[in-house]
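My questions will all concern the structure given below.
Note that the chains take the letters A, B, C and D in the order they are written out, and that residue 1 is the start of every chain.
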Amino acid sequence: VGGVRVGVVGATGYSGVVATRLLAAHPSFELAFCTSDQRAGASVGRALGVPVPAGLTYAPNADAVSLAEGVDAVILATSAAVSSRLAPAIFCGEGLAGRVVVDLSGAFRLSTSADYTQWYALEHPRPDLLAHAHYGLPELFGPPVRARGEATLIANPGCYATAALLALAPLLRDGLVEARGLVVDAKSGVTGAGRQSKEEYSFAEIADDVRAYKLLAHQHTPEIARFLARAAGSSSSSSSSSSVGLTFTPHLLPVKRGILATCYARPRGGADAAALEACLARAYAGSAFVDVVPPAEVTLAGVVGTNRARVGVTANDDVVIVLASIDNLLKGASGQAVQNLNLAFGLDEGAGLLSLARSSG
Amino acid sequence: VGGVRVGVVGATGYSGVVATRLLAAHPSFELAFCTSDQRAGASVGRALGVPVPAGLTYAPNADAVSLAEGVDAVILATSAAVSSRLAPAIFCGEGLAGRVVVDLSGAFRLSTSADYTQWYALEHPRPDLLAHAHYGLPELFGPPVRARGEATLIANPGCYATAALLALAPLLRDGLVEARGLVVDAKSGVTGAGRQSKEEYSFAEIADDVRAYKLLAHQHTPEIARFLARAAGSSSSSSSSSSVGLTFTPHLLPVKRGILATCYARPRGGADAAALEACLARAYAGSAFVDVVPPAEVTLAGVVGTNRARVGVTANDDVVIVLASIDNLLKGASGQAVQNLNLAFGLDEGAGLLSLARSSG
Amino acid sequence: VGGVRVGVVGATGYSGVVATRLLAAHPSFELAFCTSDQRAGASVGRALGVPVPAGLTYAPNADAVSLAEGVDAVILATSAAVSSRLAPAIFCGEGLAGRVVVDLSGAFRLSTSADYTQWYALEHPRPDLLAHAHYGLPELFGPPVRARGEATLIANPGCYATAALLALAPLLRDGLVEARGLVVDAKSGVTGAGRQSKEEYSFAEIADDVRAYKLLAHQHTPEIARFLARAAGSSSSSSSSSSVGLTFTPHLLPVKRGILATCYARPRGGADAAALEACLARAYAGSAFVDVVPPAEVTLAGVVGTNRARVGVTANDDVVIVLASIDNLLKGASGQAVQNLNLAFGLDEGAGLLSLARSSG
Amino acid sequence: VGGVRVGVVGATGYSGVVATRLLAAHPSFELAFCTSDQRAGASVGRALGVPVPAGLTYAPNADAVSLAEGVDAVILATSAAVSSRLAPAIFCGEGLAGRVVVDLSGAFRLSTSADYTQWYALEHPRPDLLAHAHYGLPELFGPPVRARGEATLIANPGCYATAALLALAPLLRDGLVEARGLVVDAKSGVTGAGRQSKEEYSFAEIADDVRAYKLLAHQHTPEIARFLARAAGSSSSSSSSSSVGLTFTPHLLPVKRGILATCYARPRGGADAAALEACLARAYAGSAFVDVVPPAEVTLAGVVGTNRARVGVTANDDVVIVLASIDNLLKGASGQAVQNLNLAFGLDEGAGLLSLARSSG
């Protein structure tokens, strides 16, 4: 009663399920609706095994915009192609003034139409709105701000981008590493790819295997580069920003959840390990969710199941190695979405998130 | 403020960690102390990554009894040998009247000194107290009752026993299966064995392997038999009760958490699948935690991460197959301990437990 | 040169790949052809990464019968529906006299048309040939015998059936256990289900999960019952033989390969553990592949990667527990097929099989 | 009869077991002895489950030198500390002229005493012998050469070094990448660490986790640098060769076997992806074991269980990414040892190795 009402579109994908659960257990949010074509009509409570408002069932995705009328905020756990149409429909919808839209897809993270053609093979229907989206990585770029009576569009960061940016952005911002020659070697659990019914994602194919994929072609590359450039102070408007030189290599791990990003940079101005660690410590001093730890403690086990990130750094004269680990479905997706909603509605940043316990002991 | 104060002894084993986290996030309990010889002096909050009372550090185990003076309840996440001495010290301790002790070990689950000699290789120091212990499986044997001014000793059920009893006890109680010829073929994740530093529990030895162990010799056998006999209405005093005939075979799985018990019995009085399922449905109709589902849905994935149990049954003329699955560290240990404490202190049975989400989507 | 020429139909499924590799490395067999619609035209050597005859490519499945003209034996790694048509075409084919057909499917393991309707939902096209098939479990039912100038049809046993029969058949044959009330609780890795592109077999769904499936309905049930009955000396003609009472429950494990069958029976005539173990030791005294070990050593790790089986037994007055473990793709499928071919062609039973090393240390 | 006689010292560690099995199944080698303090007196055949010479039992490690008298070659599957003493004792031993010693440890891979103090915390007892060791990576540095009547000492490469060198060395040799700023981000299965009885290597701690370790401090770093420098044509005598600039970061994966090395370099002289791939193709054109494949096919699954390596490369104007994958116990240890012995004794390089099949389909 009196809570902020939030709906989830695409509520039965992996990040949609996590978003639904976080909302259902949240002290200040009310789970107002869920949509899913796959399970339309089914009971949400039975599907999730946690308490939800009595009688709540999945609505069809086509009802998303009309359902948005009755809520304060909507989380879009949909593909970039779907979000690129649905987010504008809510953001600009008649009678929908003031809604907050958090988009988990990449549809509003880049800055130009050309970026979407190149990296997402998507003709973006509303490139004019790209400049209106707030990139929702609050530790680096601040909280989303709602303007009275206006809608708010939050581009929730990609899972790889969250890890890479938490690791590298403070060092770039403080000028401790070179902006050229950055390498992000990232390893991800399989839920990062969403629900899969291809043989290549079957247990027998994934178990015991590790591989790199989409080399030099992953769509999170321009997102990472764009916001590293922003951290570095560049005013470049292109998201494949020429001010930073980035190589990003994602790998697929035989685990369900978690991302570990091992990042390499060249030290600048004689920065040593102590200076680098001090920079990270300052950057995250007031952070509810980011822990600066020795690099060997930047593990998946330390963060999976939580909205926390771990970052750690070491260096010698030639190289800086900075690592970050997150749960791709929480800090890398739905947990961060709830964190953004907490901030947008003036709640404590950690509401409904801080007590999440690690899956590992 | 005003909450029930609870301490955890042995707080850095797998079930101790889970108990600590549940208490830290509980709406009505206050985490009052944690003991651990291994981590004595270290910060509890830093070890767990969740909010705990400021400044809380691990005390040495030797302080357990004196720390019990300042609390309302204590969870013993200790071995049977330790619990068999520590639980009496608190239960009968001077100035400790009214304390509630929940013992996660098997030290107070059997009924005779001889049982402990045989099954635990333990000369039980206080067999006189065995009759005072409440067996804390509330769905089958009711809530623990605190008598004013008296201490309460709750023998928290074993993980295998919880699964086996939830599956079989209602059918025995209603006379739908024979009490002889029961088979419990149970499969457990490795955390059931606690923290391990033996090579045989190393990743390289456990991964990809499955095996049975302690055939005809596992210490949960007499516990299961005793409480199946109680459900069947036997007044037998021995825990290796002759009124039921039980074969129990545990297996070790290459997973971290979860127990699946596949139980076989002979139908009695023409009981068919519908009658058996109706029996389970009646037994758990009012239960907050036990779900009766089709047998193919009795999975680890459906319960791990939660305090829930799933049970399902099928049958033909010759055999009844009834299955149960639980998370061994939650419904099979620390979750059930908190459930028992909720009931003992007059709280909602599900407080601090119902919103736990499955580890799997 | 001068070797026995063998072809594989369905050579890119999991058991087809294993069969192909075993033939390629076999000292006396020559890999003569491979068929696969999925990879037709592709190089076999490149697909497998082992040396094969130069230039060998996958032929389409439709060529199987004509290719059979040029070989001595064919392994059918095809479904029961396909095998039920293809095996007769080769077995009775004009100009194909003398061919040996080893069928890995269940199409020739049962004895009546009605069995196939009930358990395989298959109208068997050639029930007249069922009586001609040799059930290829040589340790229990002897080697396949080739009659000069006649074709030979070998029904290669199912993976679950191999494990269950190796465990129970000797005890039944020697009258040490009752034929009624048998329980086979079996656990299998996911490759037993073949290549899968369903979401339910995706890594994210299978990892960390365990479940029972096809309760009281698995198609290996009548196969196990039929050959247990044969071992028990029954002359019953029906494969769902009323002379034995069998409950079979398969479970799906989060491992790639291996089956563990935990079997329960009632002891007969005062058989104790020593008598039971002596029975198994006698049964497998001359066996190249079956090891009788203590029950705790009947593990997946001990057999996966090899054509070996492990069996072990224990008992008390009320119950006999006998376990068997095998690699489902080797002793449970293609390894046993090669073993049958070795015997059919008068070679050493272990040729090309004995040096296979365990996947685990 | 007439075969080359080979013994294994330390035969029950993971690489010792693999070496023993390869020798037992080898067409031209005879497994002459095995030592293991842990299993001294036990039957080798029973431990391994493969045919070995009748009656062979494990001898104590202390017998290694005297047993060497009766053989042609010895594989040392021992630690660097043990090998640094044992290899000289055999290499220089009276009456042992002509023996071939293959050392799986790092004891003879570096060039100076100081290197061992720094990287292995080892006061090397025989730095004078370092210059006599042949670094046994035949694809890059040629076959070991036996001089008549003299002993031969082969330093078998480290697992990480094998992967990193196969990926980078040809590109450096041909001047296609800069020698400075090299990054090797490597991921390894847990058997790389040998048998472990620490809690941190327990299944419950390793499963689902990934982490970097020994950052900037792993002992394979100077080995990789030394032989990259050799490939680059440097005449530097120091193994922490200043001619190349290398950052090496190992990571621990929740898999048993396999290494994936993802290597980053700066292109030189306008080298593009086609030129780089052509370089690798030339380098490995005649290789029995190294396959040049597209980078997305450089997987663990493609090599684990075999002595093969996969390498693949891609590039843009700023960066070259070259990957290699191997089985750490085969091409990264015992398989390569057998390959070196094959070459040393004039056999086909692939003898006993080429038919090893992938563990994965």
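Here is the rule we use: a contact is a pair of C-beta atoms (placed from the backbone, for glycine too) under 8 Å apart; a residue touches a chain by one contact, two chains touch by 3 or more.
None of the values given here were measured: they were computed from a predicted structure.
On a Cα centroid basis, the chain most remote from chain A in this structure is C. When the C-beta pairs in contact are tallied for A-D and for A-C, the bigger tally goes to A-D. The mean-CA centres of chain A and chain C are about 48 angstrom from one another, to the nearest whole unit. Each chain gets a centre from the mean of its Cα atoms; for chain C and chain D, those two points are 38 Å apart.
Each chain gets a centre from the mean of its Cα atoms; for chain A and chain D, those two points are 40 Å apart.
Contact of a single residue of chain A with at least two other chains is seen at positions 14, 191, 195, 204-205, 208, 254-256, 359-361.
Chain contacts in this assembly form a complete graph, since each chain touches every other chain. If you check the complex, the residues on chain B that touch chain A are 14, 17-18, 21, 24-25, 48-51, 191, 195, 256, 291, 302, 305-306, 308, 354-361. The part of chain B that touches chain C in the complex is made up of residues 181, 183, 185, 187, 204-205, 208-213, 215-216, 245, 247, 249, 251, 253-258, 260, 262, 264, 266, 295-301, 304, 314, 316, 318-319, 321, 323, 359-361. Listed in rising order, the residues of chain A touching chain C in the complex are 14, 190-191, 195-199, 201-208, 254-256.
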